[in-house]
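In what comes next, subunit A is part of two complexes: it sits with subunit B in the first one and with subunit C in the second one.
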Partner chain A sequence: MLGSGRHLDRSVSGEVAALGRRPRGDAWLPLALLIPAIAFLALLIIVPMLQALFLSVQSEAGALTTEHFERMRGDVAFSDAWRNTLLLLILVVPLQIVLALVMALLVHSRIKGHAWFLYVYAIPLAISDLAAGILWLAVFTESGYLNSILQGIGVIERPVTFLAYTDLGSVIATIVIAESWRATAIVLVVLIAGLQLIPRDYFEAADLFGASRFRRTIHVVLPLLRPSLQSALIIRTIFAFQTFAVVFALAGRNFPVLMGEAYNWYSLNRNPNVAAAYAVVLLALTLGATFIYLRVLNVAQAERTR
Partner chain B sequence: MRLKRERTGIAVLMVLALIVSACATTGAPSGGGGAAPTGSDTGKGFVFASTQFTPVPEQENMRTKILAGYKGAALDFITEAEAASIDRVTAEAKAGGTGQVGLIGYENGQFGALAKAGYLEDLSSIVNKYKEKLPQDMVTLGKAGTSGQVYVPWMQATYILAVNKKALEFLPSGADVNALTYDQLIAWGKNIQDKTGQKRIGLPAGSNGLFHRLFQGYFYPSYTGGLVTTFKNADAVTMWGKIKDLWAVTHPQSTTYNFMQEPLQSEDVWIGMDHVARLINVLKAKPDQFLAVPAPAGPKGRYYMSVVIGLAIPKTTPNRGGAEAVIEHLLKPETQVLTLRENSFFPVIDVPYPADLDKGLKLEAEAVIRQSNSKDAKVVPLPVGLGAKGGDFNKAIIDSFQRIVIKGESVQTVLNEQGVLVQKAITEANAPCWGPDGTSTGPCQVK
Partner chain C sequence: MDRPSPSPRYLLDRSLVYGLAVLLALWVVVPFYLIGVAAFSPRDAVFEYPKALVPTDLTAETMAFFVNSRGVIPSVINSLAVAAITITFALLLGAPAGYALARFRFPGRDGFQLAVLATKMFPISILSIPLAVTFLRLGLYDNLIGVALVHTAMALPFVILVTSGVFVAVSHELEEAAQTLGCTRLGAFRRVALPLALPGLAAAAIFTFVISWNEVFAATILTLRNRTLPAQVLSTLADSPLYYKFAGGFFMVVPAIIFIFFMRKYLLNLWGGK
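The block that comes next holds the complex of A and B.
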């Protein structure tokens, strides 16, 4: 992106000259190039999205109805699912952003072995959600690794049941740990890419003025990283709303989340309408969150095209 | 140079991230493989879709061993969740012509919706060939309330208790482990907790567990003598009191258990009640350390659930002859025994068990026979005739459990409210009473 402005200045006159010569039929070319992407989006995203919307407001006879939304709201798990999803969002997203930022700065600082860090941090990316959940289940279950180790070094006398339905606090803690482990790497990759877009000149200028590493991070890196942070936050928040497999493995029925309820309604209760109602709620939440991020972080035009 | 290498690394990671996040949302069915076609061409290849044998090792056993003896058209055995499979067959039926699914293997209760819509072939001619060999009540069940034969019985299963021998020293005095009552089971769990400080009874109350079946085939009938008709009566209130007592001595991680063999194997749990196919691994792995025993009895008897798995042919089958050949292969006595050996589902054809049966399987087979031969034994089928409303019905029961036992709401209030939902599911499915509730004209009624 850097330098595209200069390039524009130089070529404007040439472009104008070229315009006259360009055959008229060329105008469709950009559109034609966009068609595959548009068709893909329309067929695989927009159509199913509309179908889900219709499913959620359609009664068996085909009339418009709010019965599915009422059924969803009246469901035993609904209020818990809301609370749990938001709780996870509040706990997991900031933690992951901070963790990923620290990790990204570490990798970017080019300390010895920084490339190695990157690869190690990225390992969880290669593991599916459910596999990650099962892996952490093996850690936290009663006869799991954590209890064995704690018992082995004599910290506890008998195994602790971390995943008991009676102890929501420890269940949440295990989910937050597992989710952070699993999905921080995605944020990390976005942030590293952002860091690499920052021209070295800025750092050199900061060094020249005698800025300490800390001040450089606060005053140079973070502001310039804002567009990437925004993307990372959006991606991560969407994923947080969709948290499902890890929770499913670690807490089963005892910690309902919105996405999990959508799955249960479709798959276990055989009711696609209520499942669609959940999906619509999730869609609204996701759109809302994205809108808020775009507004609050309000990345100025100048910074975006930097 | 270093920078360049790092950038390449990041590019690779980003692509990887995209692929991973794309894969995470698909939950691709684990198809593929399939029995290889043989030399003689016997028609078009087809898909055998099953809601059974979802664990990967069971799928592999099915493809490489159980179906190995079938010599016919190319066959692709896949397993799917109930919802996905029914939707696929329905979609193929609506699309018309021939589809890809040539044969389906479902649980008794899962055929309802497809049978009702008329998407399945009448298999009377096949069943007639096995008249002497198949149990008559199973054949009747296979009509699924229609005049034709919706499915051919394929294999069967039930639910029993698996017990770690470590638990035996805590067995309440006077209790016979092979003829327990629910009161004794509760006392047993309490005893273990008092003496060891741990709760060692386990129930499959996880999201994918079959806990609802224990209510439908065991707790409810054993305490109330019914399920739907007695859903909220005084006996049901008593039963829920007992369930609370049982839950109080049940391992608190039970809400995450889907297959009891796992916590039994790790010894988080010593006494587990589940479907035989979800207990077999631990019995096979440690046959000398475990017992398999019949389900407990309640005041109304020792009710147990018989799970019948059947085979049906969609009308859109690409190869009816091939599908019939597969059915005939699966019903051969040697295939039935092979299915028991490999995937722990019991034969529907009367075949003698071989002497060299695996020790764990032998434990189960003995427990199953002991269960059905107990003097107070009474058999219950899976819910019949609910079709697509089966999910709502199961949910009404599991939600009752959540509200009464986990959230501690008033029993009678919950039963009155959930009873409305039970009734709604049954009325919408227009399902007459089945099994423990006797018979009815019109939909079964919650009384």
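The block that comes next holds the complex of A and C.
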């Protein structure tokens, strides 16, 4: 086993040294270690993706058909689900990015107790969307805590119904708040990891030239944080398409979203084909959004460096 | 350049920064406090209005009502079983892959790493719809193993990334030293690398637990009678009284918070990095 590649260069340590100096005879080993994971993911991702496609275009007799997509489009909830899902995306994602950026900069500035602040800010990472929806239901329900507080300080005289299906605006506001609370933590973690990659010298140099905190953030930090902002944006957009349980807990079926309609078609209407059509739409949205983001952001970057 | 002495302006600036940090912490923490109060108030207190923010009579009666509601205890047992199966699958599949990424340079390494990162964001839960149809045929529908398979696919990329980080941190030279002293490669791994990597592997297991314990959509689609806890709560949500919902929400939140505390060191590894 003691091949020539084995001899150690003590001056180089860590990952760099560990990589690339394995004896040739071991070429099969990494492959053998990887294959189970690759095979599993292929089996549970690629196969069902194709299966979703088949289900959505296959008639009962097995022929090719568009009936499921037509049925999906013909449903009253379909256009609402589209509008609501996109509306939530547009309202929630920018809010989360700004909120997470403020949190990340606070933690990164090494204020006293910054590790605890990071932990507290990250807690919602561990909360399921269903539980988060229920938490905020306790706040927004008619006899809930928000009304109690507002009445306590004399802003209102009788409880406000925030979650009435007749008032789309306030329903959306509650969902946006709950989603911003729940899923900002993911953006935060991505941004902090990104901030840690920026050498501290950059911050100090900006200090030396008397840059105010705000200008430093805009001109020094944001451009350097671009790759992290980009991945945070992609992650959050993809997840926003999947918004489901928070909406379900707060508004029930009064506020249709795409993922919720997929659930309804499968579980309530017992129609896996139309549900699969929704799955195909959601998969296409995911791939499309990723592609567009990568395209647009890279073009913007190329133009800046030109 | 002199360090500025703590002028009034500096003090004002610091207090603004701390004020903002504390305010954001409260924004995160207060809903937990409120759901706790709601879950430990008597059942009829749910309909009281206006509610007291500081509870006057705390009782476990509402929680007891939730736990003893039909289907809740079996669903908790199911949730724990699914999580245990998921942890086993995810570690058995993910840890070797993480080790390979940490230790070897091989053709396709970058491609594999990219695929792992892409899987992390992939909307796997929506795939439970076609999977339900397949599982029905395979006898895995309404079966805890079927749910665990989907949860494994969700957790696997995270397990691979965390374990690869862990094995990078465990010096390869120690493993080689053990081999020169007569250990086989497997023996060196088992006696040297594995014990050192154990805390990191535990963190990966904990995160896998949290993913599985929290997962709602796939668990609801893939089960009918053998519900996990979130699937049970979701499928009865429309007909449940508020106090049942609040107690259920609290019950789901607590283990997740406790477990995330133990793996807070690894939070940045999970979503950060490349």
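Here is the rule we use: the second predicted complex is superposed on the first by the 255 of 306 C-alpha atoms of A that agree within 3 Å, B and C clash if a C-alpha of one lies under 4 Å from a C-alpha of the other, contacts with A are read in each partner's own complex, and residues count from 1 in each chain.
We take it that contacts are C-beta pairs under 8 Å (C-beta built on N, C-alpha and C of every residue); 3 or more make two chains touch, one makes a residue touch a chain.
Worth saying up front: this structure is predicted, and the values here are computed from it rather than measured.
Novice: Should the pairing of subunit B and subunit C on subunit A count as a clash or a fit in the superposition?
Specialist: Pair status: clash.
Novice: Now for A:196: first (subunit B), second (subunit C), both, or neither, which partner does it touch?
Specialist: The answer is both, since A:196 touches subunit B and subunit C.
Novice: State whether A:291 touches subunit B only (first), subunit C only (second), both chains, or neither.
Specialist: Touch partners of A:291: none, neither subunit B nor subunit C.
Novice: Should A:166 be classified as contacting the first partner (subunit B), the second (subunit C), both, or neither?
Specialist: first
Novice: Under the stated touch criterion, which partner chain does A:106 make contact with: subunit B (first), subunit C (second), both, or neither?
Specialist: In the superposition, A:106 touches subunit C alone.
Novice: Is A:44 touching anything from subunit B or subunit C once the two structures are fitted on A? First, second, both or neither.
Specialist: Only subunit C is touched by A:44; subunit B is not.
Novice: Which partner does A:134 contact after superposing on A: first (subunit B), second (subunit C), both, neither?
Specialist: After superposing on A, A:134 lies in contact with subunit C but is clear of subunit B.
Novice: Of subunit B and subunit C, which one contacts the greater number of residues in subunit A?
Specialist: When the residues of subunit A touched by each partner are counted, C comes out ahead.
Novice: Scan A:269 for contacts with subunit B and subunit C and give back first, second, both or neither.
Specialist: A:269: touches subunit B, not subunit C.
Novice: Which of 164-172, 182-190 or 254-262 in subunit B clashes with subunit C after superposition?
Specialist: 254-262
Novice: Enumerate the residues of subunit A that count as touching subunit B in its complex and touching subunit C in the other.
Specialist: 118-119, 122, 125-129, 137, 141-143, 186, 189, 192-193, 196, 245, 248-249, 252-253, 266-267
Novice: So in the complex, the part of subunit C that touches subunit A is made up of which residues?
Specialist: 1, 17-18, 20-21, 24-25, 27-29, 31-32, 34-35, 38, 46-53, 92-94, 96-97, 99-100, 102-106, 109, 112, 115, 119, 121-127, 129-134, 149-150, 152-153, 156, 160, 168, 171-173, 176, 179-180, 185, 210, 213-217, 220-221, 230, 233-235, 237-238, 242, 245-246, 248-249, 252-253, 256-257, 259-261, 264, 267-268, 270-273
Novice: In their complex, what parts of subunit A are in touch with subunit C?
Specialist: Those residues of subunit A that touch subunit C are 1-2, 6, 8, 13-15, 17-20, 22, 26-27, 29-31, 33-34, 36-38, 40-41, 44-45, 47-49, 51-52, 54-55, 99, 102-103, 106, 109, 111, 117-131, 134-139, 141-145, 147-149, 151-152, 159, 181, 186, 189-190, 192-194, 196, 208, 228, 234-235, 238-239, 241-242, 244-245, 248-249, 252-253, 259, 262-263, 266-267, 272, 275-276, 278-279, 282-283, 286, 290.
Novice: Can you tell me which positions in subunit A touch subunit B when the two form their complex?
Specialist: Counting only subunit A, the residues touching subunit B are 75-77, 115, 118-119, 122, 125-129, 137, 141-143, 158, 161, 163-167, 185-186, 189, 192-193, 196, 245, 248-254, 260, 264, 266-271.
Novice: What residues on subunit B touch subunit A, complex-wise?
Specialist: Those residues of subunit B that touch subunit A are 2, 5-7, 9-10, 13-14, 16-17, 20-21, 23-24, 81-84, 86, 197-198, 205-209, 251-258, 263, 266-268, 388-392, 394-395, 398-399, 402-403, 406.
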